[in-house]
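Each of the next two complexes has chain A plus one more chain, namely chain B in the first and chain C in the second.
For the complex of A and B:
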């Protein structure tokens, strides 16, 4: 099992730092899946702790100038490791304005993800900062729990409004209530609702647009005005919204009525899927 | 603001109180200044809204928002009174964020049908509409501090900046704030008695910060610091403050606040004295 990768471009480095910060805000510990083409950050919460899952994906060639890996075996050319996501984002904090960043799997008494940063300095001598992030290698028998979640057929898919607006609304709603009802229809309407014995608050977003169907999909079979409804834990939704520093190029939300909310955010080189189960 | 104009007259008629405003911050900022308890009683008359918050039957804060601050202000009865949860109201008013991007305003329309009905808020920013239905509660009787002009023994008007620093640096380990007002030195003195010793802050009567100084008789009164501290919120927003005490030692602080549109609003604080300090006690 081997992995080593290198970033030399400053823009790529910034971008990678941003991704890791975003992950750190969403998940305390996450699984990093390394395959020849892709890196995935994965979170599969147990139902008891909220049941949220996350699947984020980046193409390695958009970030790394060198990328070598050797998985468990030739037919299973993948590596799964678990790490505290904050450790990675903290290590990358020192990498601002760095000349190069190297990441590799090492074994220094215990398995590590070693991040070494070559810093620029005024004099010609270079300085290198090395972070050893403890990791847990995940054995193959547990991989099946860490596959890309399949998205059940959505009742309604809709584009999300500016996340900043949505975040401030959800933030205030969180002060009042613990759960939130999201409802949307196929006419581009999205409502966020909370209801307590003190107050009912509904925010209406209009004309958001629904994504076109892919050619193979069965056409929607519902009244375009009819709302599909999912009630979720408001903190889980806020966690996702608060973690987004940059507005995604595309943000899509799919509602499976009464079951789950699937949020799909697309950035230039990264895609993030976030699944929030409905409150039972 | 299409949603504001769409409403037909007939709909307006069913409400006993309707107010609309194109910048919600002109309203919410003033309410924040008196937000030290969860509940507030609102009195609306044709002149405007008075919002009252009380604590421990010892302190009362009133915010006055004049009808002129609103673009539309209709009250069908002489006085419409209701009680709401102020924390919830403020969360609703700032639903689109407390610090909006420059150039974007949140518009507000407030409607109330009358006793037993919720207070309806319609907020709009950039085409996004939020509807809030805040349940109202049985209005409670509010205190009357009987602060009449006839009983006022001293009156000071200060520029707020003069008091702002003093209040932010008050020794919070002291249980009380002692206010001395006298026709002779030290004129106006704020004292605290904390763990690290006592401290006194004097304002000479002819300093630049002092606009008015009227006092015929030396008065020394103590007020619970924990009751006065919340008034700092109003102090921070205000440009002038009037400090008055009456012959029973009651304190009135009146803050003059200018909102973003240049309208003047007032916030009053009334506080009862903590204990009797012998009037004869000469200031140290």
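For the complex of A and C:
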């Protein structure tokens, strides 16, 4: 099992840092899946701790100038490692004015993901910072739990309003209730609703638009005005909204009534899927 | 004693108090003929700090009032720090600072003169005390390292604030290496912390007088305290050090002031376990080997020899852990603990984490009775605390 990659471009490094910061805000520990074309950051929470899952994907060639890997075997050319996402984000923080950044799998006193950074300095001397992030290599029999989650057929899919706006609304709602009901229909309406014994607050968004159906999909078989609703843990939703430093180019939300909320954020070179189970 | 500090020097004084406050809870203020000294020591007596402000630093400096002995006092760090809490405000609004100490008032009086004639007077009650003086001599340290504070400041920047200790050493190619220190027991457990290493070329140092392979481990928090002072004053910092376990002396010097921080260094007690290749200099050397081929490394040299086939999880268990016979040496420290470190430590069992040992610095004159035989002995005493 081998892995080595290199970033030389400052913009790419910036992007990669931003991705890792976003991951660090969403998950304490995450799984990094390394394959020849892609890097994935995966979170699969157990039901007891909220049951949230995350699948984030980036094309390696958009970031790395060099990328070499060798998986477990030729037919299973993948590597799965588990790491504390904060460590990666902290390691990349020191790389802000780096000349080169290298990431590699090493086995020093323990298996680690080594991030070494050659810093730019005023003098001619070179300064090198090395971070050894402890990792756990995930055995193959556990890989099946870490596959891309399949999205069950959604009742309603809708584009989200600006996440910043949504965040400030949800932030205030969090002070009143622990749960939030998200309602949406096929005519572009989205409601964020909280209900307590004393008060019921609803924020309405209109004309958000629904994504067109791909050819071959079964057409929506429902009244366009009928709302589908999902009740979720408000903190989990806020965690996602607060973790976005840049507005995504596209943000899509799919509701599976009574089961889950699937949020799909698309950035220039990263995609992030976030699954929040419905509160039972 | 009476002195007046003006202008930007008020901020310098405040900054010094801030960095002293990272070490001790009590501040020893002593007016001497060659300047005003501010000193502190931490509660475990493993760190000592001293600033001496030369008479020229002050607009007016009078160590003694005529007909009086030299006074010295001990005050709470917290209360003295609160006067200088906001350095930005001090710089903008304070024009003068009067500090006076006399017998009659039984108070240390600090008076700040703000703009527009506003005056703020702090009366701090104090305790009489003996002079606090650590026994150390930079000249006796064989290794010296000197660099602008900015370089060292940038060097510690990648380390997390929560990190307790850092190892400083000279690696291959005479590069200066700073590395986060990890306790062995920590390294064996499942929740390992990230290890960060900074490597700086010799060219960045004004003086580097130490052979390759030497390394010391000391507390980062106190070091950061002095660094932030040295950075704001734009002064170079000199580190005098010796073998592990011997104190390291950090100094800054200027015509108006000098500062000395004496920090205990960690005594690595695992000479017997060198076969594990885990002693600090070895680690240094090994990791530098990786660094040296930063430019030309080969993927084959970075390989995880770990199989992840089905059911292989058991192979991840560390075999050395199971050999660890538990805390047998620590179970009975006994009353003879003063000398037992020599008996207990050289345990032949691999994998036993050596206890962390900072040697305390010993301050003869403040604690010892006047007839104590404690002379101006340059040797620091053995740690007398045992391992508790």
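Methods note: the second predicted complex is superposed on the first by the 280 of 280 C-alpha atoms of A that agree within 3 Å, B and C clash if a C-alpha of one lies under 4 Å from a C-alpha of the other, contacts with A are read in each partner's own complex, and residues count from 1 in each chain.
Quick note on the criterion: a contact is a pair of C-beta atoms (placed from the backbone, for glycine too) under 8 Å apart; a residue touches a chain by one contact, two chains touch by 3 or more.
Bear in mind that the values here come from a model prediction, so they are computed numbers and not experimental data.
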item	value
Fit or clash between chain C and chain B when superposed on chain A	fit
Partner chain in contact with A:45 - chain B first, chain C second, else both or neither	neither
Contacts of A:169 with chain B and chain C, given as first, second, both or neither	first
Contacts of A:109 with chain B and chain C, given as first, second, both or neither	second
Partner chain(s) touched by A:269 [first = chain B, second = chain C, both, neither]	neither
After the two structures are overlaid on chain A, angle v-u-w for chain B, chain A, chain C in degrees (C-alpha centres, nearest 10)	70
Which of chain B and chain C A:9 touches, first, second, both or neither	neither
Touched chain A residues, chain B compared with chain C	C
Shortest span in Å between Cα atoms of chain B and of chain C, once chain A is used as the common reference	8
Interfacial residue positions of chain A with respect to chain C in the complex	1-4, 68, 72, 80, 84, 87, 90-91, 94, 102, 104-112, 114, 116, 118, 121, 123-134, 136-141
Contact footprint of chain A on chain C as seen in their complex	154-155, 157-158, 160, 187, 192-204, 278, 286-287, 290-291, 294, 297, 299-300, 302-313, 316
Chain A residues within the chain B interface of the complex	161, 165, 168-169, 172-173, 175-176, 197-207
Chain B residues touching chain A - in the complex, by the definition given at the top	85, 87-88, 91-92, 94-97, 118, 125-135
